[in-house]
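Here it is, the structure, as structure tokens.
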Amino acid sequence: MVTERAREFDTQDLLINVGPQHPSTHGVFRMVLEIDGELVKDVIPYIGYLHRGAEKLCETMDYRQGIGFMDRTEYLAAFNAELSYVMAVEALAGLEVPERAQWIRMILCELNRISSHFMFMGAFGVDTGVMGTPFIYGWREREGIIDLFEEISGDRMMYAYFRPGGLAWDVTTNFKARVREVLKSITQGIKDFDGLFTENEIFVARTKGVGYISAEDAIDYGMSGPSLRASGVPMDVRKDEPYLKYSEIDFKVITGEHGDVFDRYHCRLQELRESVKIIEQCLAKMPDTGPIMPEKMPRMLRTPPGEVYLRTEAPRGEYGVYLVSNGGNRPYRLKVRSACLSNLQALKQMSVGQYVADAILVLGSIDIVLSEVDR
Amino acid sequence: MNTDLFGLQVNVWADAALRLQLIVVFMTVVVMGLIWAERRILGRFQQRIGPQKTGPFGLLQSVADAVKLVGKEDLRPKNADPWTFELAPFLVFIPIFMGFVIVPFLVGWNIKVLELGLLYFVAISSVNIVGWVMAGWGSDNRYAMIGGLRAAAQSISYELPLVLSLLAVAMVAGTLNLDEIVRQQGSVPYIVWQPMAFAIFFIAALAELNRAPFDIPVGESEVVGGPFVEYSGIRWSMFMLAEYAGLLIMAVVGASVFLGGYAWPLGEELGLGWQVVLVGAKAGLIIFAVFWIRASLPRLRIDQLMGYSWKILLPLVLVQILVNGLVLVYGWSEAILGVVGLAGVVALVSITGRAANRPRQIPARAAALKGEAA
Amino acid sequence: MKGIAKSLLTTLSTFSRKPVTRDYPNVHKTLPERDRAFPLLLWDQEIDEPFCTGCHACERACPVECMTVLMKDNPNHKSVGGTSSRRKIIDKFWIDYARCMRCNICVEVCNFDAIAMNNTWTGHETSVHDRKDLVMDLQMLLSQSHAGAIKEWVPVIGQTNE
Amino acid sequence: MTTEETTQPVADFSGTIWAEVDRALSGVTVRPERGLLDVIAHIPRDEVVTALRRLKTDAALHFDYLRSLTAIDREADGIEVVYHLYSTDKKHNLTVKTTLPTTDLNVPTATTVWRAANWLERETAEMFGIQFTGHPDPRTLLMPEDMTDVHPLLKSHPLAEIEVLQGEGMGYPEEGA
């Protein structure tokens, strides 16, 4: 009888559908939260709303045509996405990239990392509930970087500027001065974000200890980038398997220790500073003149049969391009290893047992770009 | 039956109607001004321009918005509970509206001087919780329901510190008559004697108004507008009107009770024009602070919010009341009040800081749930 | 509450700075020379005809197949008493701006420097009510260059600053 | 890229981790191949999960990180399932491949080894029609839930026709003139 009576007071768990149209899902991500009061009991993520079949499309394109599609798989860090792709093609074709082109690539990729991290700061700040201010801060700095990219490549987001072998054309003559100018503004932007968030008691209370994931779990889920490093795993392709000229550059791999939302934020903030340092070193070492493409480039690039899995460190983690060639002028199979997809897998692990508001923060803290998740 | 309306003898009912009309017009105009001001000020804080196209400096933006909202279709979800859904905006809006009755804008410029004015104010301002819950339940939307329940929990929790902080002043003043309280601050405003009560009043008022960092019920990034997620057009605009009218009334009451309202600290009673400036400046200061906070601070989580009210604000304000009682009963010097109040503010600041920086821990519940879900 | 005060001071410092936004439709940002909007055809002002000979190179290289090209015999060719040395010339040309992804490949493959990316604001402000209105025909593609309204920056692949 | 890495695959495994892998995988049929960056180990499908688990647990190799999991449609030669492994502390890589005949697209799931394989296998399954036996959550990932019979990344799957909005007969008034 007692149990019968007790059952009358049983509560039902509520399913709420977050997304694909929701201000905090950063695109067309959908998750169904099973909540008990304000506590999240289960998270069921649904992706694929932005699946455009970039991999299949690239199989029908020659190597140059594919670059445009790579831009679109990672629109917040298109240079980094292009880099993986062109480096994979170069590895297959055995192309040697001129030194100057490598330095320029590095500067642009690091700048793109900064712009992407600023975007994260803005979007994540809005997730925590500040009305618009972080967004404008982030956007302000990103705008300066994008203006620079536009002056160099001609486009603001879909650059199509890296080519197998080097760069499409040379940077502008005032490149170094412009980069230094942008760096100055970035330093101010980092200071602003640091002041707005890092010590703010409300921010700290909201983020510390939330969305915890241990290093073992994070590795097991295949997380990468700042989301993994926040758990204390110093895994960074730039350091572990240096590409471009990273071996000649002195920089730190930023790691957190707690693996919570705050550490994921703080890692990115510190990475901004590291990137600024990297760019400054690059500017000092970059030759002012020199070729940016190999001497002899075939009109239509063909690669010998073979395969390569080429990984680079994109802002959100390891962006890998698995390129299989059967000897033609187009990929036989192209697979994009998306860092966001793997990071997103751990969402359930991180948000179960948290409050609804925390689940939103956890999602924000792994900084997903849905076009990269779905490709 | 005639009554006195600003020196004119008019019929009681006509008087009531006229006064009501005055409030409605006044309130609507001021609210539109506030919305414009908030957008401009937030714009400045965020290094952008803000509304600027409609009228000079975009002053007519709110008018344009109002016209648009009135012209919009009034939608109701198919499964919504018609009565609760349709009535909820009124229940949110009317109590705020009624609160204006006792607000002492200027000398002699109020609708009614009530002896228990402060009591009336705190009583009437908590009625709108019902409207919020009705909106949340009636919308047949889970976001709305979560938002509505959050609103109820939050409003009830913060009602106590709000009332008690006002009570602290009322104790010292010895009256609940707002007009009288203002007049007593001819020389020294009560914020000097009751700084902690003011701090708590300000925090609790933010929570009562669902303003950042306590905008949990309407949290855009979580529950997408909460109780008014399903509202559109004129009903939605009533919620907005209520929100900004509430801000106005809280600012004016706060300015009157703690900052001395229209009273000039140097003793003399000023002319009407200067009174407008004085009240405007004092209330404006509070409103500006509210906007400033909205541009700077993240949102709290619901459990932290509740904990903050029950574990920190409430005990502190009770201590303040205790001290007030001791001072009054034993007739100690008023300076003690000021010192204790300042000490209280320091305590509030340090306790808040410590509460936020507690060592990180994974809640046991979370661990248990993880076991379940895995 | 030190951190909260720091946040408030940070926003206060931005309060005192100049706005970073532009009053967009009234104030346009100056576009860099290399800016890439949508492709346009160029007009040979000397001979007063398009540069394009309709050789289909861009059409074949386009990754998204947004172009359709038809060529014809040039009525102005020297052999028929005209002034032009182009034997063939463009007859009809369509570019679907809704499909174009602005990758610059058509410009790179063109042997006659006849196509360029629009680097003026007209190339960016192309919103229309119907998707079909974004399919540009030969006249629309040429008009801007004919009027001399675009700055020409035709990139050469691998070109250095030297 | 340095020049050594970009050279063609050769049968020389000096300077790679092949010796270690060979030791750890004793008893498993494995055919090595030298890729451009990593060593590729071909393992028959029945033994692949055993081999993967051994690679993960082996103290000297410790491949605790699954970088990527995908497949290649080799048409008549079947479908290759490719695992890219990495060790976060030893910092070395390995590619594991297993070939499935087109008539029988079954392979045991790797989710028991790394949880990371979960979504990657779901994606590979829907894109190539491979069955990962024992997969804990065999729903579609990117494709609509009811599209289980379409496998877009197979070479036999056609691209959609491009909707051409241009050309002759588009109905432009000035065009006919």
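Note that the chains are named A, B, C and D in the order they appear, and that numbering of residues resets to 1 at the start of each chain.
The rule is short, and it goes like this: contacts are C-beta pairs under 8 Å (C-beta built on N, C-alpha and C of every residue); 3 or more make two chains touch, one makes a residue touch a chain.
Computed from a predicted structure; not experimentally measured.
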Taking contact as defined at the start, I'd like the list of chains shared as neighbours by chain A and chain B.
C
Which chain is most central here if centres come from C-alpha coordinates alone?
A
Return the chain pair with more inter-chain C-beta contacts, choosing between B-C and A-D.
A-D
Averaging only over C-alpha atoms, locate the centres of chain B and chain C and give their separation in whole Å.
55
Need the CA-centroid distance for the pair chain B / chain D, whole Å please.
59
Taking each chain's centre as the mean position of its Cα atoms, how many Å separate chain C from chain D?
40
In angstrom, rounded to a whole number, how far apart do the mean CA points of chain A and chain D lie?
22
Quick check: what residues of chain B touch more than one other chain, meaning two or more?
45-48, 295-297, 352-353, 356
For chain C, what residues touch not just one other chain but two or more?
1-4, 7, 10-11, 14, 20
Residues of chain A engaged with two or more neighbouring chains
133, 136-137, 140, 196-197, 200-204
Contacts from chain D onto chain A in the complex sit at residues 1, 3, 5-9, 35-38, 40, 64-68, 70, 72-73, 82, 84, 88, 91, 93, 95, 114-116, 118-120, 123, 140-144, 152-153, 157, 159
Touching residues (chain side chain A, partner chain D) in the complex:
47-48, 51, 53, 55-57, 60, 87, 90-92, 94-97, 217, 219-222, 233, 235, 240-241, 243, 304, 306-311, 318, 320, 322, 324, 332-333, 335, 337, 341-342, 344-345, 374-375
Residues of chain C that touch chain B when the two form their complex
1-4, 7-8, 10-12, 14-15, 17-21, 23
Given the complex, residues on chain B that touch chain C span 43-49, 52, 292-293, 295-297, 349, 352-353, 356
Would you tell me which residues of chain A are touching chain B in their complex?
14-17, 22-24, 38-42, 125-133, 135-137, 140, 196-197, 200-206, 208-209, 212, 258, 260, 348-349, 352-358, 360
